[in-house]
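Next, two complexes with chain A in common: one pairs it with chain B, the other with chain C.
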Partner chain A sequence: MNEFWNWDLAFEALPRLLTSFLTVTLLVTVVSTAIAAVLGLVLAILRMSLPKPLAMILKFIIDFIRMTPIVVQLIFAYFAFTNITPLTIGIIIFGIHYATYMAEVYRAGIESVPKGQWEATTALSMSRTRTWVAVIIPQAVRATVPALGNYAISMFKETPFLLMIGVVEMVQAGLIFGGNNFKYIEAITLAGVIFLLASYPTSLLIGRLEKRLAFKH
Partner chain B sequence: MPSNTDSPNGGNVPAIRFDDVEKRFGDTVVLDGLNFTVNKGDRVTLIGPSGSGKTTILRLVMTLEELSGGYIYIDGEPLSHDNVDGKRVELNEKHKNEIRKRIGMVFQQFNLFPNMTVMENIIEAPVHVLGMSKDDAKERARGLLQQVGLADKEDAHPLELSGGQQQRVAIARALAMDPEILLLDEVTSALDPEIVGEVLGILKHVADTTDITMLIVTHEMQFARDVSNRILMFDGGRIVEEGTPEEFFTHPKEQRTRDFLQAVVADPITGALPWQPGPATPTRDGDTL
Partner chain C sequence: MDSNIEALVAALPRVLDGVWITIQLTLGGAALAMVIAVIFGILARSSRTLVRGFARTVIEFFRGTSLVVQIFWFFFVLPQLGVELHPMAAGILALGLNYGAYAAEVVRGSINSVPTGQWEATTALSMTRAQRMRRVIFPQAWALMIPSLTNLLIHLLKGTAVVGTITITDLTFRLDSLQRDTNTFFAYGLGLVIYFVLAYILTLIMNALEVQAKHRLGRGESLKEALSLRSPDTGVEAGEAAKS
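Up next is the complex of A and B:
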């Protein structure tokens, strides 16, 4: 009766965990990573091209978001925007929060593009937009792929914070299952294993992608 | 020599004119009231010790550096600043870009775009800046690649090429814009000695077959002598001496120039300059050649 691990319960919990994993955890990770990747790049470019005062304001906003806990931001947005569903709030907050991290990564990537590349675009009279799109971004992004991938994995592991605003992601599904059966160990352990099985191959994939994106020598 | 009648102002307008140009980096004054002109079709080589401001001059013409004072005129038109009723005003980016299109530059470090193929590097600006069709630009690029001896490399990426090959692509890329003025900034300094000749040979060919105005910074004195019709010797941001290569290399007037030539090109053992008859070479039977 008081055993530590019950296989029957574990098998019963598994499909529920996987369902919430696919419909919430993975959904939030993929959509929010896409938001963060695009918005982060926009923020980085804006910071480098806006006039000084505006760039300073933008830096302050980015730092403010980066330096406050995501849980606080989730709860704040949950109560501030009551007309938006918690899942959407989760996706947007994760997207914005990680965009501020990624903006820093992109900034480093952009700064790592040699000055000579910018000079060549001037010597060829290339427009500002074309310079960014054809020369700077393609070179800057290659260098940032590993960091971006690692942030995506961090985000993935932080999705359980969504339970604070009532989103039934995988861990919350596990807690509900545990509550119904007065036994939590199986569901929580399985949730951890699923996180591991998903993030480890992803990190290997990022390593391979990094190699494929390197410039041909 | 090209005719000067096609210039907007007509008459004998110089391709490049420096008018009281000043350039400071912080407290360091690099150029202090520099005046000189380069006529259309001229090949002018700037020589002098490092730090004398030669490269800064090219970078100012390419608008890679901001003028601290004075004016630069291209074909009689102000490049970045104009004198309006005695007031010095900066011109807008659109104007600068219009002037810039007439100027091409080849860099010491090639600065090819590593994310593009050789062909993409060459057609990028003709297509997106000049509005040429992709097919026309490609055809032109193939001709240029032929000219620089890299016809088979159009699909290669720059980092797959040797330094000499990269620099040849960079020359083709600059020529693809059909520039009126070509700036060559120590284009062989980053190359292995045995590669230098092939790059200079291509530039010599360009000089012989076009009327592009060239402003050259180089340490290759033989090249300066072969290609230029005027040499300017710089020291401390000033022109110390100028003349034709003939006058300049065989009868330098200034002691500063003689010292410089002695230091950079003289044979370390005999002290002879490469284009001066050296000491007699002994032959087997004791005579001299």
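Up next is the complex of A and C:
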């Protein structure tokens, strides 16, 4: 038997890693990104349309969530909401945490919409809702797509934090497998390789998308 | 609530111990990350394909394989290969390499953004490559990279919260025992506030560094202008900038 790297063990670990990768890691990444994309936009719009004192409170809450560890937020929610499954808590907390990042991105996007567009909606006496939905958001969101993609990748790589609340995502599955076999190198290395193989090509694609979107502007 | 305060007072030495360990991890990780960022950020600009390829591989590897995997690799796998690391060393190494790889991209990008005229001027003055980097390019790139580095530093601080899994008794780890004597909301609410304050202090220090870096370049900011630009957190900056 090879001391350093055991291929049998590696092939035994791989299906377990891929199973938890599909059922937890990818699931959390996709659903939480969707939550972050929508909630982030809501937060950004609220911040710009609420009366000033409320907007300042909202900004403080956003900053507070953004500047504190998602690990602590996960554990906090895990103990506070014992009637919700850890996986659901993970999805919600990841969604909220990244929504606070996205809110900043959307805000920059909204601010980059030329003033003339706002004035035009006034001139056309559009309602406030119609102004946002038909004019501002479509223009603001376009440039934010690459940022959303990049945040999805960093969220993807942060999903192992879920092991702190007992969710068996890919790395935890690797740790369990390693512990059972008294050998960690295969499972943990493979987990790293899977992260790399999934995130690197995606980040290249996002880079290309970014260039294309920037070009048309 | 009174019993919570009593429990907190009793647990305070342990909580503060955890805060200190979190600070050590953050500063140690940041110091290592900065060294790695400068080395690989500069190597990634090399005109030699081999050097550039090596730097890119290292950067993409540590960016792509997830912080937690790296922490576990240094803690669980290395001992099985015969290298025993102290848990703090494993933690700092993983944090430094992971965030260093991200910061290397920031360093590379900032050096690239220094205007061409500055590079040409160093040639006109027949400076050596080392002089060019140290005296002309890097100081200007440094001022450009600080805002992004501040973001990464906050991410690093937040990333330290996971080290409880490799037996390090950091702040997050201590909150769990505080929770048993008080309650979830008190313990973790307090923990979040402590992390927020730490992050805020780090941000203020980095802002002060930025003001100082720009001031050194003689980029026109009189103190007053610097103050009026960032009205909410001027106190520290004013003090810091006055010293420089």
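In the analysis below, the second predicted complex is superposed on the first by the 203 of 217 C-alpha atoms of A that agree within 3 Å, B and C clash if a C-alpha of one lies under 4 Å from a C-alpha of the other, contacts with A are read in each partner's own complex, and residues count from 1 in each chain.
The rule we apply is simple: contacts are C-beta pairs under 8 Å (C-beta built on N, C-alpha and C of every residue); 3 or more make two chains touch, one makes a residue touch a chain.
Keep in mind that what you see is a predicted model, and the values were worked out from it rather than measured.
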Task: Clash or fit (per the criteria above) of chain B with chain C on chain A - done: fit
TODO: Report for A:N83: first if it touches chain B alone, second if chain C alone, otherwise both or neither.
DONE: neither
Open item on the list: Residues of chain A touched by chain B versus by chain C: which partner has the larger set?
Closed with: C
- [ ] Scan A:Q139 for contacts with chain B and chain C and give back first, second, both or neither.
- [x] first
Open item on the list: Using the superposed model, give me the angle at chain A's CA centre between the CA centres of chain B and chain C, as a multiple of 10 °.
Closed with: 100
Task: Touched partner set for A:Q117, first chain B, second chain C, both or neither - done: first
TODO: Check whether A:F195 is in contact with chain B, with chain C, with both or with neither, and answer first, second, both or neither.
DONE: second
Task: Minimum distance between Cα atoms of chain B and chain C in the superposition (Å) - done: 18
- [ ] Enumerate the residues of chain A that count as touching chain B in its complex and touching chain C in the other.
- [x] none
Task: Residues of chain A that touch chain B when the two form their complex - done: 114, 116-117, 119-120, 122-127, 130, 134-135, 138-139, 142, 215-217
TODO: Going by the contact rule at the top, pick out the chain C residues touching chain A in the complex.
DONE: 60-61, 64-70, 72-73, 76-77, 80-81, 154, 157-162, 164-165, 172, 175-176, 179, 184-185, 188-189, 191-192, 195-196, 199-200, 203
Task: Of all residues in chain B, those that touch chain A in their complex - done: 62-64, 97, 100-101, 103-105, 107, 109, 111-116, 124-125, 128-129, 157, 159-160, 173-174, 177
Task: Sites on chain A touched by chain C in the complex - done: 4, 64, 67-73, 75-76, 79-80, 157-158, 160-161, 163-164, 171, 174-175, 178, 183-185, 188-189, 191-193, 195-196, 199-200, 203
